[in-house]
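Everything on this sheet refers to the single structure shown next.
Letters A, B and C mark the chains as written, and numbering starts fresh at 1 in each.
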Amino acid sequence: MTNSIAEIEQSECMLVVGSNTTEAHPVLALRMKKAMRGGAKLLVVDPRKTWLAERADVHLQIKPGTDIPLMNAIANVIISEDLHNKQYVESLTEGFDEMKLAAAEWPVERAAATCEVDAGDIRKAARLYAAYKHAGIYYTLGITEHVCGVDNVRSLSNLALITGHLGYEATGVNPLRGQNNVQGCNDMGNNPVYLPGYQEVADGAAREKFSAAWGQQVSEIPGRRLDQMLDGLHDESIKAFFVMGEDPIVSEPNVEHVHVGFKKLELLISQDIFLNETAKIYADVVFPATCFAEKEGTFTNSERRVQRVRKAVDAPGEARTDLQIIFDLAKELGHDWGKAQPSKVWDEFARLSPNFSGINYARIEESGIQWPCPDVSHPGTKFLHEGAPIRGKGRLYPLDHIKPWEEADDDYPLTLSTGRTLYHYNAATQTLRNEGHREKQPKSFVEISAEDARELNIADKEEIVVQSRRGSIVSWAKVSEKVRKGVIWMPMHYAEASVNILTGDGKDLKVGTPEYKLCAVRLHKP
Amino acid sequence: MDIDCLDSLRGCGGAGFPTSFKWNAVRDANADFGKVIICNADEGEPGTFKDGWLFDNHCAAVIDGIRHAAEYVNAQRGFIYLRPEYSAQRELISAAIQQMVSDNKLAPQSGRIFQANGFPGRPAQLDNGGLSIVELSSLDWFVEHGSHDLVGETQQSGGLAHDAMLQYPLPQNEDIEAGFCLDICLGGGAYICGEETAMIESMEGKRPQPRHKPPFPTTNGLWGLPTLVNNVETFWWAERMISGEWQQDAERLFSISGAVNKPGVYQAPIGITARQLINDYAGGVKDAAEISCWIPGGAATGVLPPTLLDCEMSTEVLREHGTTLGTAALVVFTEESALEVSTKIMQFFAQESCSQCTPCRIGCAEFADYLADEKHNWPHRGSIDDWLQAMQLGSICGLGFTAPLIIHQLQKHFNFEVQHAN
Amino acid sequence: MPTNTLTINGEQVAVLQGESLLDACAKMGISLLTACHDNRLEAYGGCRTCLVDLDGAPRPVPACKTLTSAGMVVSTSGEQLETVRATIDEMLECIPAAALETWTDANRFIGYDPQQCIMCDRCVRYCDEIMQCNALEHVGQGVDAFIQPTQGDSFLDTSCELCGGCIGTCPTDALYSKQSLKVFNEQSDAVLSSTRTVCNYCGVGCVIDIESQGNNVIDIDAQTGVGPNDGHLCSKGRFAWQFINHPQRLTKPLVRNTESGELEETSWQNALSIAATKMLDIKQRHGADSLAFLASSRCTNEDVYALQKLARAIIGTNNVHSCAAT
């Protein structure tokens, strides 16, 4: 997030794109609710009628996968009605003319037809977003899990840049991170092209710095993204997999294909707190690890705040902390890193990563600090891009519509979209173990519009088969006003009806994020 | 319009606030979003039935009073907040409003009927069981039909939407052009709805709990708009004074009930004695029995002994005896002792406390138990006086402030001994 | 921001417009007892524990519900005032004679004991103002008043989102966590402790307090004013902790028996040495880039840093990634 969670309360206008915030980020949504109570305007872009959408000033219930035409049209309205921040655009952005031309390709009426929303609503949303100073954009997986995920995000940052909605409180462009430490995971260099602290592998000086610090030469060959790793299973260029706390055969799309790959592996090492599906079938070695309540360390939340994780109870049996296991394995591999001490590990990271150098355990004992925080006297950074975008000039991108990887057609006439619900979390290995949560939402369901249900002669709560070109699963119909005609929606949490059996190989053309959000399906009775 | 003629008029709903002061406050309040008038006809004070009587006999005059007040303060919307059991009166009011609509005295939309909120689990009583207004005002009726004994169901009342008030648009748009629009709002069926801010909350579709004051309704009333709230009788006197029919605030309507031969509403001079009211107006005590105790101005004014029957019925004199004129509702008892009557009143308060504030929620109930207990055991650490003081000083609204008066009157006039268990 | 100056107990204090007498007292270091007040909610003024004397007011006023204005003269002590407050405290301890049955709601998270309830309405207001769910209501009057799920339905059928915020704000034990009650062992003398840490579910990063008895987690709670969540939690953060003490947790390293194909328990030494040997062997045969490392974005920063360091500095590959790149 460019901005902070607490600031949301001061918003005058919020543009929420593809985020069912009240269910996926419930406590952050409380700040939005508070802002709404104070009269803030709410604009929601979502194919589904979510809690927020129902209460929004404008709900753009777009056809899934048409975010870019919509954002282009909004940009177009803002520019053509002269609502953009000319001074900001001139002095602090680049690429305006190209972007403007690309947006001009999407007059409101054309976008309205493509997105299947009301043209008046697009105009209204554009005017509201441009009119308020404290207007922030919030988005999640709904926007990134598409073939055009990166461009989707760019289409949002275009809006922020042309209106100058950046660099002060309660504004900016704010991705809401799905998992607790997605932010930290990226910060730590858990990325094939970035070393810790966003220092590029391609950058020789950065490699030298880390090589010197670690006493080993860092390879200059860029690593593989997860999707490329999985591809590597198939052509057998990947032989061994070390999986820490993940269950790829449940969480990755096109499950059948993933299974084929895993069968070819020579070595799978799994480290987790439960025996997950992947480990059960494929692991050669399984290390019993500890959960967050049993270890010391830090998490970094969506607003870049590094906060202390502390040990409350002992791990069961012989389970060891993840850090201890990695240290033990390093030693076994011939590298004695000494005692596995989280604070020392953090300090090593902070020393090598300038944006984090000012953060240490002592400073975050009471409350977390938001990076960038270059030195120990720095208070941390509540919002980014103050005064000017960090890179000097904000880049505006000319964008065009990219069709989803798979669109509904005569054979598979419905578009399936997936997401999280309030009561469960991802593959629900933890929440489904809570009786109370299982009870509130015990089984998988398929939200379907009343119109589609009538046409297909499907009753509420009826058992149905959801079929895609890759496979089929059984679930239960839930006739709902939340989805529009032609679209069905399923939660992603249930192993017995794993939606990843249905989803395709579509992935973002630039960064390989799988297109969880969309695939073409049909429904029939079992 | 000039309201100098109202200078002497004081509100007749129990609190006795100068009427012209309120009218001027609302007239001078911010008019940006409109103003509202509410005629308080909830009449939930046991022993009081003058509002019902006024609608029975002088309905048009009361409404004229409301109209004139509206004209004076420049209100666009008005409501008669009617005790839900008053179904006959509801019809009279509706007819009178229709007549005035045809005479172009009220906006054409006037006369709609809304339902205010009650306490969940306590729907308003729309069925009055065929009782007269006098019978409906008896303490026994109120104690019996308290929170638990439910009669009728709100939802079945001829299509009245329970939350209609909530959705009602602010009185800006159409109505300003159309003139003063007067509607009926059926009360929530709780004693506390007679308190003006609780009444406003109930009209907004909320739980009828009194608001903290300030701010007062004259600036922040219904939907936050400046709101004039007056009792039915106040509007009636005001109308008579404005029309020149009456000059002075020298008389009042007395509701006389209980053990008298001719219970009813009588207009009599302020300062008349209770004995005169009973004998000269209400036909004397039933069966010429001996009076055990009496109530001067509704249940909240507590009991007085027969020895004080010759004192003047005026605020000033009654204050010397520890009470007030209240709603000028005289209730005569011959069979029940002062303690029995007081116990019932306390029980009534305990069940009608809105439960918002601790002193009243707990205090009323504990004192009701204490009075009802034959041995009058007081089981608490703090003394009875401390508890009474906490209620008097620590409550939010009049119910809590005045409930201790019931005990004080027993102590003062009936030698009721305060006892301590420990 | 405009400020007002007022006098409290003879001393002057400047406050911002919109601040209450309670805020003003806090500024002067005077702490008043409160029960119905939660500064995340609109002031209610119902419990009357925070009464203070205000010059010109006919009776004491609740500090929490009274906005400051310039020139106010306030006193927070005095014999009469203190007696009133002490009496109100005594009243709050009073268990209403007509204590009701608890609701027999089938939900497994939220329990209610009307005997402990002081009708401060914090739960109802929390659900209304913060959650905007309106899943709780205050019903009845007088001492018979109580709290129930809206329309009397079970929480499982209402708009309740099972966030437990009502439990969090309840100043008494009237609303309680059924899960905690179930695992809390009254007999045990194991040490009770509270550990401040961060929720492990979503990216909001709520700061939580894990309450434990010996080695058992018995509750998760959050403190007002702490972390990005200001005491709020969602259903997952507050209640989804049964997995921590779950019997299916892995307790020993496992290796696959090459003959039976089953996973079998083994010693750490054995598991580590098999893993290391095989990794080195594959590296030797197929090169460092044939190994891939996948870390969960649920792990701590330190875990992730160490793993990527192991991949980069020991194995020599940049093949490190995680499942969700968002």
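Some points to look at:
Assume contacts are C-beta pairs under 8 Å (C-beta built on N, C-alpha and C of every residue); 3 or more make two chains touch, one makes a residue touch a chain.
Treat the numbers as computed from the prediction; the structure is a model and nothing was measured.
The minimum number of touch steps separating chain A from chain B is 2. Nearest to the common centre of all protein CA atoms is the CA centroid of chain C.
Taking each chain's centre as the mean of its C-alpha atoms, chain A lies 60 Å from chain B.
Work out the mean CA point of chain A and of chain C, and you get 25 Å between them. Spacing of chain B relative to chain C, judged by their CA centroids, is 45 angstrom.
Against chain B, the residues of chain C that register as touching in their complex are 45-49, 51, 59-60, 62, 65, 80, 83-84, 86-88, 90-92, 94, 96-97, 118-119, 121, 137-145. Partner chain A is touched in their complex by these residues of chain C: 106-109, 129-132, 156, 161-163, 178-179, 193, 195-207, 210, 212, 215-217, 226-230, 232-237, 239-246, 248-256, 263, 268, 271-276, 278-280, 282, 285-286, 288-326.
Put simply, chain B touches chain C in their complex at residues 119-122, 147-148, 190, 192, 207, 212, 350-359, 361-366, 369, 380-382, 386-387, 389-390, 392-396, 401.
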